[in-house]
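Two complexes are shown next, each including chain A; its partner changes from chain B in the first to chain C in the second.
What follows is the complex of A and B.
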């Protein structure tokens, strides 16, 4: 059963827009699938190679700006940005990795954080190229959300399958050996500096492609949206750790959970809380719900704390632990 | 030439505060081996403590050092005891789990403060906030001068504490070799709690000293966290003396960058230094001096 689960999920995802012809849910699913791409990329460099990146937004934003600038400056279709966004993100990532991977430990995490900030400053200051805070606006290609859905579904499938293929190849074993013990890996003749760069390059390219898609889908970007530390970089980490670090399907599960959580907070459980508060007519209750709706960052923070404390390997990685916990509860109830 | 000396003085005064921020971070890094990405957020909390004391009880910011530092010491100790230490025992793939935890803690601190104080800019206005004294032709801000002496005093106290006292020795021993320290009878778990508390108290001091000349809002923590790690990387991770040099260098670089290149580049200068250090001096000043 477990073996066929991914295929069943894929079939369900393919027929999803036909079963639920609702633009709002379709939009959410598009976001989920976009996060599957980013989370899978993050998982490759952080989960499998052990180099935790805190700056995925740098690559995401680079991809998005590539797509946007191609249209506004060169009058080329923004869809070229899907491919070229990945290329430019990889071009950014490789020299960066070459500098950072000479040192071990916390340096890479810090450097990615710094890169994220530098990119946001550049996006803001270099107004002649990026329009600064005004951002870039393009006309979307399709009116309907359906084409976007299938494009991003293809991207998600391609990224999951390609990471799976990479991890089954010789490269994958190199990555794992670097994560587990870099000294041992080097003593076996693995050029850890080079393979960390390979892993970062693939991850950055996938993230850049997701950025290019975001530009096409949303039609609007500015530096504070696409280079956002909280909304992109931290979210990517959350998708990875909630789903399960170092598992193939973990980020996919994580993306689903995180977008759902984000949306639940943003809409206050789809407005039900607000309705409940209004029906009681209590001013305090309404106030609390208003606070709750603003609290999605707080919710994120608490979720990070709780997940790391209790499910350090994510939902997929600790699935057996969750099952055991549930079974224990049940057997206690029976007894 | 006048601009040059003016900038130099401003950079040194600012650098002394950065040294305080960096020393707290570098202690935590040396003993626990983790980057504390909630460092600036802890400073933000301390600033709000000072702000509240001033707004409701009219207490002078410098006087509230005696409240803000112990408060943050306790907060830091709680974070280490109940949020970071349990992670050591949990099996997980990523060694960076503790770092991620500090990110989460930082987010929670920021949002809680936003709930209480809203996102509005706050500032503490004192009678001496805008006053200055003159040193030949150079005007020097009075509060920043007081800050400088406080910062130097606290730095000396910290170094004395680390060198002379038993707890200080235990902290340095744990930083050098955790297992050996454990074998010598050092309660390393207790030491980590004390160290985190100490780091938080130091950054609290920096925040409190900054508040007469700075503004305050919940998102102020992030930029200071980044400054703190630039200082640590510059000075060499885990080296208190290095952090002093790192803080001074960053303060001077920012002051000169703002004066000669442009104000909007002030925040980027630290990050550019960071990349340059990685390229040309990996390991920071610690590599040059071996302290």
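What follows is the complex of A and C.
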């Protein structure tokens, strides 16, 4: 059963727009699938190769700006940005990796954080190229969300399949060896510096493609959106951690959960909280819910703390643990 | 030209002279022992040979090629394998995956690496543990995994760093057997060991060092009778009269 689960999920995702012809839910699913791409890429470099990146937004934003600038400066279709966004993100990642992979562990993570901030400042300050804080606005190709949905679904499938293929090759063994013990890997004839760059290059390219898609889909970007530390870089980490670090389908599951949770908190459980508070007629309750809605990011953080405490390997990594817990509950209820 | 040779090795950690003028050469097919009290610089010499630390001074030659200054992975590709005194298993991988990761040193396809890894596991007597996670192995088998992994890289020379430490007498005999078997397979061995029963019984020649300096060299018997060596291990004789 478990073997066919990915296929079943894929079929469900394919028919989803036909079953739920609602633009709002379609929009959410497009975001989920975009996060599948980013989370899967993050998982390759951080989960499988052990080099935690706090700066995925640098690659995401580079991809997005590539697509945007191709249109506004060179009058080329922004869809070229899908491929070229991946290329420019990899071009950014390789020299960065060449320099910064001398650093290990937390020090490398800090370097990626710095890259994120550097790129955001470049995007803000270099106004003649990027329009600065005004951002870039392009005309979207399609009015309907349907084409975007199938494009991003294809991207998600391609990224999961390609990471799966990579992990089953010689490279995969090398990435895992580097994660487990870099010194041991070196003594086994593995050029750890080079293979860390390979891993980062692939991850950055996938993230850049996602950025290029974002430009096409949203039609508007500015540095604070696409180079955002908390909305992109941290979100990528959360998608990976909640889903399951170092598992193939973990980021896919994590993307679904995180986008759903984010939306729930952002809208105050689709406004039901506010409606409930208003129905009591008490100004006191309404005030509490207002505060609650304003503090939605906090709820988000609490959830992450709980996941790390109780499911350190993520939902996919600790799936057996969850099943055991549920079974225990059921047998207790029966007894 | 000798098979493997180090000349006047010096390593300075800040003010500490960890290795100070060590030279030796190893013949092809030989088992060469390296002994010395704790902290005398044996492991540092291995780290210098495999490029983990840069040399302060000195030269290292392997099959006539100068290898000091090369990166660690390149030295492995040339055919020098090593084990770590503090074992470094790839903890969350299975034993087979550990050995496959090293077998890729000499193969490119999964199938080929798998075959080579299985052969190495069979040869080193770890085949029955191939599907176990490396972190769940007891220390004896972790040491054996270290040897298996470096053997699977297809080396001409293996540096064994205290692979017999912490083993019980039965395991010790098996370890000696394995080291001799690897030598008979055409691999030259340089071995660091504290357990005299092991090093005295298998090495053809031994170099003793203390405070990073050579104090005696020769056959096991010669080294055991060397006054400097006895002094380093047991201290000087004192007359209390």
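Things worth noting here:
As a working rule, the second predicted complex is superposed on the first by the 335 of 335 C-alpha atoms of A that agree within 3 Å, B and C clash if a C-alpha of one lies under 4 Å from a C-alpha of the other, contacts with A are read in each partner's own complex, and residues count from 1 in each chain.
Here, contacts are C-beta pairs under 8 Å (C-beta built on N, C-alpha and C of every residue); 3 or more make two chains touch, one makes a residue touch a chain.
All of these numbers come straight from a predicted model, not from anything done at the bench.
Superposition note: with chain A as the common reference, chain B and chain C can be accommodated side by side.
In the superposition on chain A, A:300 makes contact with chain B only, while chain C stays out of contact range. In the superposed pair of complexes, A:189 makes contact with chain C only, with no contact to chain B.
One of chain B and chain C touches more residues of chain A, and that partner is B. Annotation: apex chain A, arms to chain B and chain C, angle 70° (C-alpha centres, rounded to a multiple of 10). Of the two partner chains placed by superposition, A:323 touches none, neither chain B nor chain C. In the superposed model, A:8 lies in contact with neither chain B nor chain C.
In the superposition on chain A, contact is made by A:169 with chain C only, not with chain B. In the superposition on chain A, contact of A:107 is made with chain B only, not with chain C. Once the two complexes are overlaid on the shared chain, A:181 sits against chain C while remaining clear of chain B.
Distance between chain B and chain C in the overlay is 8 Å (nearest C-alpha pair, rounded to whole angstrom). Overlap of the chain B and chain C interfaces on chain A comprises no residues. Residues 29, 33-35, 37, 83, 86-87, 90-97, 99-101, 103-108, 110-112, 115, 222, 226, 229-230, 233, 237, 264-265, 267-268, 271-272, 274-275, 278-279, 282-283 of chain B touch chain A in their complex.
Remark: chain A residues 46-47, 50, 52, 54, 99-100, 102-103, 105-107, 109-111, 113-114, 117-118, 121, 125, 179, 229-230, 234, 237, 241, 245-246, 291, 295, 297-298, 300-305, 308-309, 312-313, 317 touch chain B in the complex. Residues of chain A touching chain C in their complex: 168-170, 173-174, 176-177, 180-181, 183-192. Contacts from chain C toward chain A in the complex involve residues 50, 52, 71-74, 76-77, 81-82, 84, 88-93, 97, 100-102, 104-105, 108-110, 113, 149-150, 153.
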